[in-house]
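Chain naming follows the written order as A, B, C and D, and within any one chain the residues start at number 1.
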Amino acid sequence: MIGIQLAGNLTQGLILGGVYGMATMGLSLIFGVLGVVNVGHGAFIMIGAFTTLLLFTQLGLSPIIAIPVALVIGMALGFFFYYTVIIRLTEAPELASLLATFAIGTLLEESVKFTIGTEFRGYNWDVGKISLHITTLPMSKIYAFVGSILIALLLYLWFSKTRAGTAVRAVMQDRKGAGVCGVNVNWIYALSFAIGIGLTVTSGVLLTMFIPVGINPYMGGAYTLKAFVIAVLGGLASPYGAFFGGLIFGLIENGTYTLFALVPSLEPFAMTRFLSFLILLLILLIKPTGLLRAK
Amino acid sequence: MKEYCLKSAIIFMAVFGLLLTTNALAVDKVVLGHPACLSGKFAKAGSQASWGIKACVKWINEVNGGVKIGGKKVPLVYKPYDCESKKEMVTSLIGRLATIEKVHGIIAAYSSGLTLTGAPVAEKYGIPYLSQGGASNRIFQQGFQYAVQVLSPATLYQAGAVDMLRKADPSAKRMALAFEDSEFARMVLRGAEKHAKELGFKIVFNRTYPKHVNDLTPLLSDLKAAKPEIILGGGHFPDGQLFARQMSDLDINVKALSMIVAVTLPAFREALGAKTEGIVGPAQWEFGVKYSPAAAKKVGVPWFGPTNEEFVKLAKEFSGGKTPDYHAAEAGAAPLVFVKAVELANSVEPDKIRAAFNKMDLMTFFGEFKINPDTGLQTRHSMVVVQWQGGKKVIVWPEEAATGKLYYPMPTFAEKAKGKVAVPR
Amino acid sequence: MAPLLRLENVTKRFGGLVAVDRVSLEIDPGEFIGIVGPNGSGKTTLFNVINGVYFPEEGTIVFDGRDITRLQPYKRAPLGIGRTFQIPRPFASATVRENIAVGAMFGTLSGRVGVDESLEIADQTIERVGLQEHKDKAAGSLTPVEKKLMEIARALAMKPKLLLMDEAMAGMHPNDIDQMVAFIKEIAQEEKIAVVSMVEHIMRAVVGMAERVIVLHQGAKIVDAPTKEALENPKVVEIYLGHPPEGQGC
Amino acid sequence: MSSKIARYYPLIPVYAAYLILFLIGRNVTGMWQLMAMLVFYCAIGQAFNIFLGMTGYVDFGYVAFMGIGTYGMALSISHLYQIEGLGMWVILIGAVLAILMSGALSVAVGAVALRLRGAYFAIATIGVNEGFRFLIEGAKIWGGSEGIIFSGQFTHIFGRKTASLISTTWADIFVILVACLGAFVTLRFMLGKIGYALMALREDEDAAKVMGINVTKYKIIAFITSASLVGLVAAFAWGLKLTYLFPDEIFDISYTVECIIIVLLGGAGTLLGPVAGALIYGLSKYWLTIILPGFQLLIFAPIIIVIVVAFPEGVVGVLKRRVRGTVLEKFIV
């Protein structure tokens, strides 16, 4: 019986983990290239969620269509905030960029609050369910998972096959060196920030396909914290690492619940979260480059 | 020498006393302060509360002609500040309300936590403190003298639903409890657990989940494995929405699902559509509830305040057209009972007002009001139970307040997806 | 006379790269030594190993008769190892005087130099290196040459027995270099400080002043000889003439 | 001798500010709770400055020390209330417990996280804060998420009158005293070797090591001092003043952000900075809640961005540059 529950939760966790992973790639990309930790990460996820919600409820458009729309909105926001704020902070101490990105997040949250309101919203996009022996999966979750993998693959192709992608990788490895070699570092920063934000906003769409309720201006905070753990699992500066970090995180979060629930004196949800932060600390101490890197 | 001292003290007291009484006589307005949660984490419930209060204050001033004190009617002034849902702001704003604005009563901020935050400060200045969004029983176990509860305490939230289900289906035994791990919801859980056991239910699953949860899948998978017939759960709005949605995703079908808070809000239906059919939930108040001057007469208590229709109409003036929910109603009841207490005391002196509260037994649009004289805990107000039936909320319990019959058992999620509605024939 | 510093077969690797390859060397008190090697030859790593920024994988380092191979850098400095950096690293927001006082405060063995005393030492050192007019300026606002001078002063305030100078003269006008080298040599002689000056190219001035030259190539020591002899060594000629100094590779 | 005293002149504006706040609070009706809030912000700013301002390390999980300090006071009162005749000592025990617990936590966190730098350190400290909170809730330590409500026990010890006086007046006075202590410690650090060491490691940690500075030791000293001070502030401002606690409220990360804003607004690493920052932040926030309820954050967010981008050295940093060479120089550090 426990076995079936565990298998069910692990399946759910794997799928959620894929979406989590995709939702963290932007954070890792931005840190990897610019050295900026985007504390306002969750607010951009929220923008994606609202994009989906409004397209669906106002125009009746499917969340699939929201994906490219969110990418465009995200990239536009990314360029905007890069050239207005971030450009001045790439060489500043961490404190400055942490606080500035936090303020950007707050600005987005409050703007949405004043234009749309603080209601918790949701939408109903029913495209059927698959019933497995161990669990039941709505098709929307499966679409979200497949979408995450496709976007991760596209990013991989962009990195490896395009000129701009190669330049971004060069900057990630050595900022000064890349500058000497004729790469316009400033443009690469702007592009990476925009793509990072674009990915994050897009992940907001996928997250609502997984959990289509609870959409409100302040929904991002929880995802920011999760994204930190996931990013560290993957090595903080590596977008692919982040994707696999997400898968691992999803498995831990859902898989260990059933196990903690066996101990009556524990509150299993809080324990799974405790465990995830414990793992974060251990990795930072033992292997700050993340679980997947050889170095 | 000693005598002289005594004499002067007496004279001083007398003069001072005179000053005080003249002051009391010179009351030209009654002021009610409120550290409102207009922003921050409770912004939603907090805005509702402020609409409700404004509506009832308007009713008092315009329909009732003000507050009757010392033989004449003086206006009721409402002083709200935004506390950002933060405790530092609550204490400092109550300090300001008490001393600068010289309020005669304070409506507590939303939530059990913030109600507790402000209580010692209100207590210090000796100002009647009305809890309109603090349901936890623990607030009233701390010996606060000026705290008064307007709404039903948390432990009674699910009592009506449990009674109702017992009556509807004496054979259903297996009950699952899954509540949010917040002060309020834990109290609800405790009350529900006790009551359900007394009525012979078997608790097959009993678990909490943290605030701000964004995926309940693991808990619900375990819950499904426990094969309950009835589920009681919830906490606040977002988790309730998530709970019902993910039950549908995991295809968990039970005979009845009763959830606190979320079910009663229109946004629940907006977000989940047909999935809400047949779900029940307790409410402090519901539009259409049959509290009326006639009902008051029937029970034999006085009526005060606007009728349900009047209240909703007034509240919409302040909400920009949004329908008030029970957060608005419970908050709106606070100025009503406060004004009644002031009138009864015929004074704005805190101790007299507080004593008047003890004597009060009345009905407003929100329901009945009577408190435990020692603790201030609400004892008479009762919850109603609503059910989503064909896209509308219908009051199904208690029978005397009901506007319709309970639909039981709840349709399965597959049936709901095919368009089956929970309207009883 | 026992050597001040002795390295025995010191090796430092970064992953697969051997940055310092079995280097052994001895430095006597008061000696003036030039270490020469092209970019990437392991000079800075060697300095970092000597003052403890990195621990070597193999070999031992003995300073003043004490094995310091595994000693933390902050414990080495007070023994008498001072250092300047290739790219100056001043404590930018603090004044020149405060910067130099830090050297006096923490860089001496007794560890009992108080704030006041350190500031006095700083004032003396400032006068000595001729930075009086910049004394109360923020160190970050100095010109690169002034920063280098300040770093030297900061190291001198530590009363070192050994002064490691990483490209101290790079970017200076040739006349300034002559002056600077002469000045350092004078102080070194006065205070009996051994100086190890590291240069990328065979700088006439530096190498000319050095009593001995050590040449590093790909992490290994290839030449260790009195200056004149070293410069005529065919290996050195090959490194510097056979392959002209490389630019930054992409 | 006089020059030795002159070194402590910078305390004058700080203490003057606290005195003025105290006097306004005492004498102007309705101002006490507002002053209490301002002093609370001053005190946490002052404490945080000792770590963030002087070392440059960004502890995003700083609120954990406030949380554990609150637990110190709560545990003392809720466990010892039945012992007759303990009276005021229970508060002292609570304060000592708060210092010890926050100090101990800082040693543990410091040993682990202070090895990391920059963003890694910031993320690790968030991890500590969240992890610690979830451990308390998950393993149901100290009542778990039910928190501790000890208003009743508090009243039991002191009686209704005194209890209310302690909660609404003395708790705030204690916070002022801790804030004064914080300012004094900050200045002592600045004047002593610790200040030079911290300055050096903030500017360039590797260079500092090579100069003979045991950076780990000084970082830990600053960390423990800062953590114990803020633990004590919270013991009074959250424990004694509110007489209840819920873990999710006292580990709320937004307080860390407020600390950061206060320190940065005023000027990181300066003595007067946190006070100036706290006053500006606290007052503007307070007035905005009254004038434009609900809009505070919308107004604050762009202001923060402008400050970070245009005035990273803060109000006092700018002021310090302005007064250089004038009589005021001695007073503003």
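In the analysis below, contacts are C-beta pairs under 8 Å (C-beta built on N, C-alpha and C of every residue); 3 or more make two chains touch, one makes a residue touch a chain.
From a predicted model like this one, the values you see are computed outputs, not experimental measurements.
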By mean Cα position, the chain sitting nearest the middle: D
Select the chain at the greatest separation from chain B, using centres from the mean of Cα atoms. C
Select, from A-D and A-B, the pair of chains that is joined by more C-beta pairs in contact. A-D
Distance from the mean Cα position of chain D to that of chain A, given in whole angstrom: 33
Here the gap between chain A and chain C, centre to centre from mean Cα coordinates and rounded to Å, is 47
Centroid spacing, where centroids are CA-atom means, of chain A and chain B in whole angstrom: 38
How far is the middle of chain B from the middle of chain C, if each middle is the mean of its Cα atoms, in Å? 75
Would you pick out the residues of chain A that each touch at least 2 other chains? 113, 267-270, 273
Hey, what residues on chain C touch two or more of the other chains? none
Listed in rising order, chain B residues that touch 2 or more other chains are 39, 43, 181, 208, 210
Touching chain D in the complex, chain C uses residues 51-53, 72-78, 83, 85, 89-94, 98, 101-103, 105-108, 114-115, 118, 154, 158
In the complex formed with chain A, which residues of chain B make contact? 39, 41, 43-44, 47, 181, 207-210, 212-215, 217-219, 221-222, 225, 237-238, 241-242, 245-246, 249-251, 267, 270-275, 417
Residue positions on chain D within touch of chain B in the complex are 29-34, 36-37, 40, 137, 145-147, 149, 151-152, 155, 160, 164-165, 167-168, 238, 241-244, 246, 248-249, 286, 289-290, 293-297
Would you mind writing out the residues of chain A in touch with chain B in their complex? 1, 4-5, 8-9, 12-13, 16, 113, 118-124, 126, 129, 131, 135-138, 141, 211-214, 216, 218-219, 221-223, 253-254, 257-258, 261, 267-270, 272-273
Provide the residue numbers of chain A that touch chain D in the complex, in ascending order. 31, 35, 37, 85, 88-89, 92-96, 98-100, 102-104, 106-107, 109-111, 113-114, 225, 228-229, 231-232, 236, 260, 265-271, 273-274, 277-278, 280-281, 284-285, 288
